Amino acid sequence: MSATAAAAHPAWLRRASTFLYCRPTFYVLLLLIPPLLWLGTVYIGSLFALLANSFYAIDEFTARIVYEPTLATFRQVITQPAHLDIIQRTLLMAVAVTIACAGIALPIAIYMARYASSRMKALFYVGITLPMWMSYLVKVYAWRLILAKQGILSWLLESIGFDRVLDAVLQLPGVGGPSLASSYLGMFVVFVYMWLPYMILPLAAALERVPESLLQASADLGARPRQTFWHVTLPLAVPGLAAGSIFTFSLTLGDYIIPSVVGAPGYFIGMMVYQQQGTAGNLPLAAAFSVVPIVLIMIYLSLAKRAGAFDAL
Amino acid sequence: MTTAIEFRDVTKCYGNVRAVDGVRLQIEAGEFFAMLGPSGSGKTTCLRLIAGFEAPDSGQILLDDNAVTALPPYERDVNTVFQDYALFPHMTVLENVAYGLRVRKVSRAEQQRRALEMLALVKLDAMAPRRPHQLSGGQRQRVSLARALINQPRVLLLDEPLGALDLKLREEMQIELKNLQRRLGITFVFVTHDQGEALSMADRIAVFDRGRIEQLDTPRGLYTRPNTAFVAKFVGGANVIEGALAQRLAGGASHDAPAFAVRAENILLGDVRNSAATDVMRCEGTIVDVQYHGAASRYQVRLSSGELLTAAAPDSIHQAHWRVDSAVSLSWSRDAVMPLQAAAASNST
Amino acid sequence: MRFERRPSTDGNGQPVRSSNAAARPSLFIRVAAFAGLAFMHLPVLVIVLYAFTTDDRTYAFPPPGLTLHWFDVAFARSDIWAAMRLSLRVAALATLCSIILGSLTALAMSRSRFRAKESITFLLILPLALPGIVTGIALLTAIKFASIDPGFWTIVAGHTTFCIVIVYNNVVARLRRLPPSWIEASMDLGADGWQTFRYIVLPQMATALLAGGMLAFALSFDEIIVTLFTAGHERTLPIWFFNELFRPRDRPVTNVVAVVVMVVTFIPILLAYSLTRSADERN
């Protein structure tokens, strides 16, 4: 062991160590050069290429990109009613999914942070992280099986006699569709399922940092559990909620697989981007469209930052 | 005697905090040296400068008369016992102690032998195969001592090593450390905020305040001849008397405003009527608080001129005399007066 | 997201007592919590069940019968094997790159303080905060702009970009919990920078690094959103799967592939979890 240590530790290594030890700034720079070079060129470079493309436009006759800066493509995005429709629809879905995730996540997070024994907490922790990391496509596919016309959900509702209710709900304009697997309602359920863990985990972490004594103090001062929840627990959970909502909001905004697989007829921003660059071959329009979620998320991030989301990330 | 450590006008700032402010200092080889001071006075920073974890902003540090200011910690013949022990959790006790030899490419058999020897020295050889988290606080402390001593450093640095131990263990370790130092002849630099600990263990003590050394002396010198009001108060909690009262008591003998200190145990309490001898200083006041300490009681006395003095008296049958609100006279012999540097005294209030 | 958790301790380093024996959760909380947990696992059960169904045309429930036949069919398909091999190669390489780049970043960011730190953190989380489609279309425009032939290397490049932050998050969380005094103690005892890294820092961060690598692998193995933009004519397993979703030709085979993908991603995730957990317990 020591012999190999001696062989593996030549004098130049010690000299190099001392050289770097005496120049901490240079050392940090040396460590950061490879990752920054990578992210700086590959990622930031790509983002700039994207931004540049959104200022080009496509020639309507030749279907070729005209490499001259113009705002025409952006104008197209924010003036055509069909496009505005897409943006509105996506935004509505993102907000609805975020609210639903928060509502479902709260009791789970409260249970995890406040009441679960350490073993139960570990169970919940694994039980939530595992599905979170599980293959995205497989989960979407599973939901297609569940929501299918003869699938497990219709079977379940039928066997408890609720199939009429389902039919009635699917008749509703705006949320319904021919079947759950091709309705906004179905899509909403899938979105909520997919992003729920991203809400639960920061929320539970935020609640766990709330000292127990605060709740005891509230109870001691005469607050009923419900009052304690509204006046103490919920305000303290806001940073966690904000952090989780960044994920649910952003992920819904940019997704294009779920709307295409669990498909309702209306388009979403992500689908539009995917389609424009692919079959339509209109890269500038796709680029300009992808700027929309970036802008929306930047706005959302600045709101979330005010709610203390970055401390709870 | 040779100089083991020397500070030449060393200054170290963190932002705009001067943690160490122009310190000049010489520590002799083989000495048990204590750095004493309240929390935040710059003791730890001094230690870290010696060890090489920090570099001074200005000034020089010498070990054995060689400038080491630019050397990294691993090139300095100095080892440290950390306040939190800093034992490596992924190594056994034996591996922890042998670490210093391992990185010096000593053969494995030799590592083992000497590490066990060191563990025997701190009476922990039975714990060799354990992990640090399986030890008690006192045992961890001794392991970190053994680990720091295995390279036979010229200087051992200890940063409040006994701070986390309970009183009884702390007293045992004080004796053990002192014996160890005598036996090994290594220079110990010992940081503490506990004046009792410093007085009982050290050969010399540097008292720190706000990054500066207020006084450097032997324990007895420090206790009997404090230079400044700060030292007088911090070491042994003496009464500092200055300003008009000092002028009046000294009888206007000196021109500039005198300041001096008197220890509580040198103050005699007496009835107001008692007459006075000539070689004593005397004043009168009212007892405002009595603290019972077993062997002695401490009396807080408010003088008629407003100052607060503390007197300590052995518990005796007279004790019943002096209660809160009793009027008393205070007196002390002129031998008990410890003159202070006026300048330092004035800025300490 | 990361497995590495913040230590839940109070100011004195004592673990915060989180379960309150005195307070019982209300019935609503308990039911909602367990129902939520069950909801998370519903798709897993469905996927496993459907892989064995004898029904080969519809998604009917309950399945008319159970069979292992479709596993045989799936394992005999060379296109699936090719897609699987490609996905494994991509994931392995992307993991390797992100382990190197992610841990370098974590080592630089864990202790030192410098002015650009905030911007670098922002740069690191950007690929996670922006939706995958932005990363995808951005990489595609860059690929077209630089007239690169999209293929294996562009897929790896795309995956590495968002896997770096996974590794980084795991490693930096561990490094931040490493008391500075351990590194100082090591150097104090005569170990130089390299030896300190080799004997103290590396053993301490190894499990976090491995866990981060496992997660990066799992993420890369089933990534679809970015991959669709960067793959060119290459077909990773998720792309094969994606095409099958839109033009279902072999429904039963798709079911089997779903289970296989699930298992292949589960293994590294479970390993990552147990690695982080054992490290948590040791400290």
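In order of appearance the chains are A, B and C, and numbering begins at 1 in each one.
One rule holds for everything that comes next: a residue touches a chain if its C-beta (ideal position, glycine included) is under 8 Å from a C-beta of that chain, and two chains touch if they have at least 3 such contacts.
Because the structure is predicted, anything quoted here is derived from the model rather than measured.
Nearest to the common centre of all protein CA atoms is the CA centroid of chain C. Comparing chain pairs A-B and A-C, the larger number of C-beta contacts belongs to A-C.
If you average the Cα atoms of subunit B and of subunit C, the two centres end up 54 Å apart.
Distance between chain centres (mean CA atoms), subunit A to subunit B: 57 Å.
Centroids built from CA atoms put subunit C at 15 Å from subunit A.
Subunit B has residues 72, 102-103 in contact with two or more other chains. Across the assembly, subunit A contributes 9, 17-18, 21 as residues in contact with two or more other chains. Among the residues of subunit C, those touching two or more other chains are numbered 192, 195. Taken together, the subunit A residues at the contact with subunit B in this complex read 1-3, 5-6, 9, 17-18, 21-22. By the touch criterion stated above, subunit C contacts subunit B in their complex at residues 179, 181-182, 184-192, 195, 199-200, 203-204, 282-283. By the touch criterion stated above, subunit C contacts subunit A in their complex at residues 1, 3, 5-6, 8, 10, 16-20, 23-26, 28-30, 32-33, 36-37, 39-44, 46-47, 50, 58-62, 100-102, 104-105, 107-108, 112, 114, 120, 123-127, 129-135, 137-142, 144-145, 157, 160-161, 164, 192-195, 215, 218-219, 221-225, 228-229, 238, 241-242, 245-246, 254, 258, 261-262, 265-266, 269-270, 273, 277.
Contact residues of subunit A toward subunit C in the complex are 9, 13-14, 16-18, 20-21, 24-25, 28, 31-32, 34-36, 38-40, 42-47, 49-50, 52-53, 104-105, 107-108, 110-118, 121-122, 124, 126-146, 148-152, 154-155, 193, 196-198, 200-201, 205, 208-209, 211-212, 215, 225, 246, 250-251, 253-257, 260-261, 270, 273-274, 277, 283, 286-287, 290, 293-294, 297, 301, 313. Partner subunit C is touched in their complex by these residues of subunit B: 51-53, 72-74, 78-80, 82-84, 86, 88-90, 99-100, 102-104, 147-148, 151.
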